[in-house]
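The structure under discussion appears below in the form of structure tokens.
Think of it as A, B, C and D in the order they're written, each chain with its own count starting at 1.
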């Protein structure tokens, strides 16, 4: 049986040779054993560069805007496929201009979890099923994959791409039974404890590099609200209120859109748990509106539609009515 | 002048310094903070010591937000600060930035108010390459004192009078010159300067600029500010007027040349509109413009950009391409 | 003097603004805590506007629009309802006192409801005290 | 000649003594400034072509070319309303206080031009620093050869300094060619784009320099015309502009390759510009 990498190379060659796409976007080996890099492949010969990564932490759909006008094939685990679906729904990408090479995703590893296994990491061997062999300057370790997985992969609801043009053979991780456990841990705290968490884990750590925004496959506004000067919604310094405003509005702009690819969190040089904000909104969208993003290119978006029976008990008038005050 | 400080004498020394000055130390892997007992000495910090001189927010002027009000110049912090645990790469960064910033009063003030105690690394980190950029960590450049962890002690070299005064607060004893010099010699022999620098000096600027490799190398780049904000030598800044109610402040803050806004005119015209152009500008600045003007690259080989780049852009891929075009 | 909160009220032009007007014409009493911003529709109000109000020193924000079915633009308020629901949940999640941001339906004929809403919102914000969490403060070290 | 001014990031307060709306569309206004500090006002010495940072407290700073000549009492800037700061500036009344930092950058090397013919070519509101230059040249008329100015705007209502233009037109010791892009009622002057008019005027490149300021498209088509007229790249002077934060060579925003517009420019010869990356 061939490996996923071999299958990907073969499929990519076919796609390029048959003219199904001009470019294939995928991953290649990075500069360290625990880093992978997004790459674009233009010819069948170059496909030898492609790999199925253990550390594909950035979403290659993010690069689509740089390849406008070209037909692009994407190596697509669930979150890549879903990001493309949202881009289609929003009119950023035409469905027939992308070719989705679906991959049933076994989940990616977290580079920092692997990095912390030794002083110097020399080699990583991943079976994409159960175990990872990590060779460090101090010796070899065999670690259960589950322990090294990225948080968003542990919480993934759609490891298999919901939309694709071709689905490669492989075994996907099972959808997470408890995708909102971390969110619930925060929810269970008191208001002041939640604020303290937000300040310590998010606001005070942020250096305003916008890696989270720029890494997001769905942040494509020509001028981001942080860059507006008239009015200037967000001050540019690390002021705690400006920084909080940035993170709240950034997350909010992803409500009903975020596909939980985890690029933002992976991109953050300060290890801010950014996904908790978007995951919270994902949870609310699912529970209040039975909505999940990126499943159907023809479906309406969460915030461009409504239902008569949408919840409104959060409104003060409804609350007062229930209390018989009005 | 050379001294030897026992490892167990480090803490008492820091406490002594902290009694007389405001002492900052590397507290965690994240970065520096006021000394409160926490001490991270395992490697360099994620945020560099640059922030002591080019802070995240430097108020320049304050004013009342009403027409006709005259702004007042902000004096800046005056208390004497000591920063312990500055890595030689970071100190070298200060020297490089100073080539540009020496006339700036805000920079001068912070420089005068700050003493730096350097700490040479036990061994190079995964992404370190200071030597390749011509840094000699033992030189003490930019520092007042430099400490070298050596067996059970720290070897100390005094660089300035201020450093000598600081060291006098410790139980360090004279000696260790031989060990220090041999460690330095050993380092230099083992870690040479990158030959790429010489090639870059000789290359024609426009040849590098117009080379075809930029597009491919820049493709994965997110054009975020992670590399520039973590870089100990990136010095570009933005100026912002912040107003709340009736109070206004003009502040200076770090900015990244990777941002689209960086070069966009008020008219909307942007000379570096494409993400690739901004990517290219950052590396051209570091390894050609600055190199040509000041004779040295605007890089100290700390490797933070390589370590933290979300897209895994590797500086050496770019430098190699630039020097071999 | 007792502290009076400052509340920014984004009122939709067609219903809630008229409701506020009616409250005034009817000489209904409510606390003088609100500063009204008239908007074409409750769906015009974005999270950035709400947070900007708090950042600039408001102690609370009230957004009020037409009842479902009454929207001048047919369905603007129904889109707004979804958005505000999510915003409220997000603000709660990060520990911003949820009572500081309130949403209401007030029609042009509900002057009394408007007065009661403002009274209730004011009371709740008074109980919380001034907005210190999300108010921007300019820091100047070594101010001369 | 001129003592190096103190270069830091602290603006000096200046009073707007007079505001003149220059164009029919109201988007260009001239601001006549006087520094509040009398000594600073006396010491303010600039060379035509230099710029200054104007600041409106609460909004920010932006670089604007100095439109007045060194001999003129008030420091004048003609400002196009386009961004945050210029918009705020346009709203200020006479008597308001703003901040001024400068003069900054390098002006035209007018000493070097002595004895030469000078051709000034301006398009749109980029004429401002060339106005300063022309006033200077006319004040030192005997030091220079022929003086020719070609100035074009989209329509007559967009020409700046109309009274001065009328006066210059009457002078016999200089030639002024005014042109507008398209025929307009009441306009009896030249019609055509600046490059075309330059071609018709055909100034000689012999013992001459050309100072060209205008929108990129005008510059693009004017340069070949000048070349045909015999102007070598060392004889053509341009003025660059880029986004700036400090104006004093620190912030690096305005770099065109290794060239910092604030520190090494804004005035640059075509020869020097050709050696730089096209980032302007």
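A few points about this structure:
The definition used in the following text is that a residue touches a chain if its C-beta (ideal position, glycine included) is under 8 Å from a C-beta of that chain, and two chains touch if they have at least 3 such contacts.
Note that the structure is predicted; figures quoted are calculated from it, not measured.
Central chain by Cα centroid: B, whose mean Cα position is closest to the mean of all protein Cα atoms.
In terms of C-beta pairs in contact, A-C outnumbers the other of B-C and A-C. Between chain C and chain D, the centres computed from C-alpha atoms are 50 Å apart.
Centre-to-centre, using mean CA coordinates, chain A is 34 Å away from chain C.
A separation of 39 Å divides the Cα centre of chain B from that of chain D. Contact of a single residue of chain A with at least two other chains is seen at positions 235, 239. Shared contact sites, meaning residues of chain B that touch two or more other chains, fall at 57, 73, 238, 240, 242, 248, 255.
Taken residue by residue, chain C touches two or more other chains at 136-137, 139, whereas all remaining positions touch fewer.
Here chain B touches chain A in the complex through residues 30, 46-47, 56-57, 126-127, 219-220, 222-226, 228-230, 238, 240, 242, 251, 253, 255-256, 259-261, 275, 306, 308, 310-312, 314, 316-317, going by the rule given at the top. Against chain C, in their complex, chain B makes its touches with residues 57, 59, 62, 72-78, 242, 244-245, 247-249. Of all the residues in chain A, the ones that touch chain C in their complex are 183, 186-187, 189, 191-198, 202, 225, 231, 233, 235, 239, 241-242, 244-245, 248-249, 251-252, 255-256, 277, 280-281, 284-285, 288-289, 302-304, 306, 308, 310-312, 314-318, 320, 325-326. Looking at the complex, you find that chain B touches chain D at residues 60-61, 63, 65, 67-71, 73, 100-101, 103-106, 205-206, 209, 235-241, 243, 248, 250, 252, 255, 257, 262-267, 271-272, 277, 281, 284-285, 288-289, 292-293. For chain D in complex with chain B, the residues that touch the partner chain are 7-11, 13, 36, 55, 57-62, 82-86, 92, 96-97, 99, 241-243, 245-246, 248-253, 255-258, 275, 277-280.
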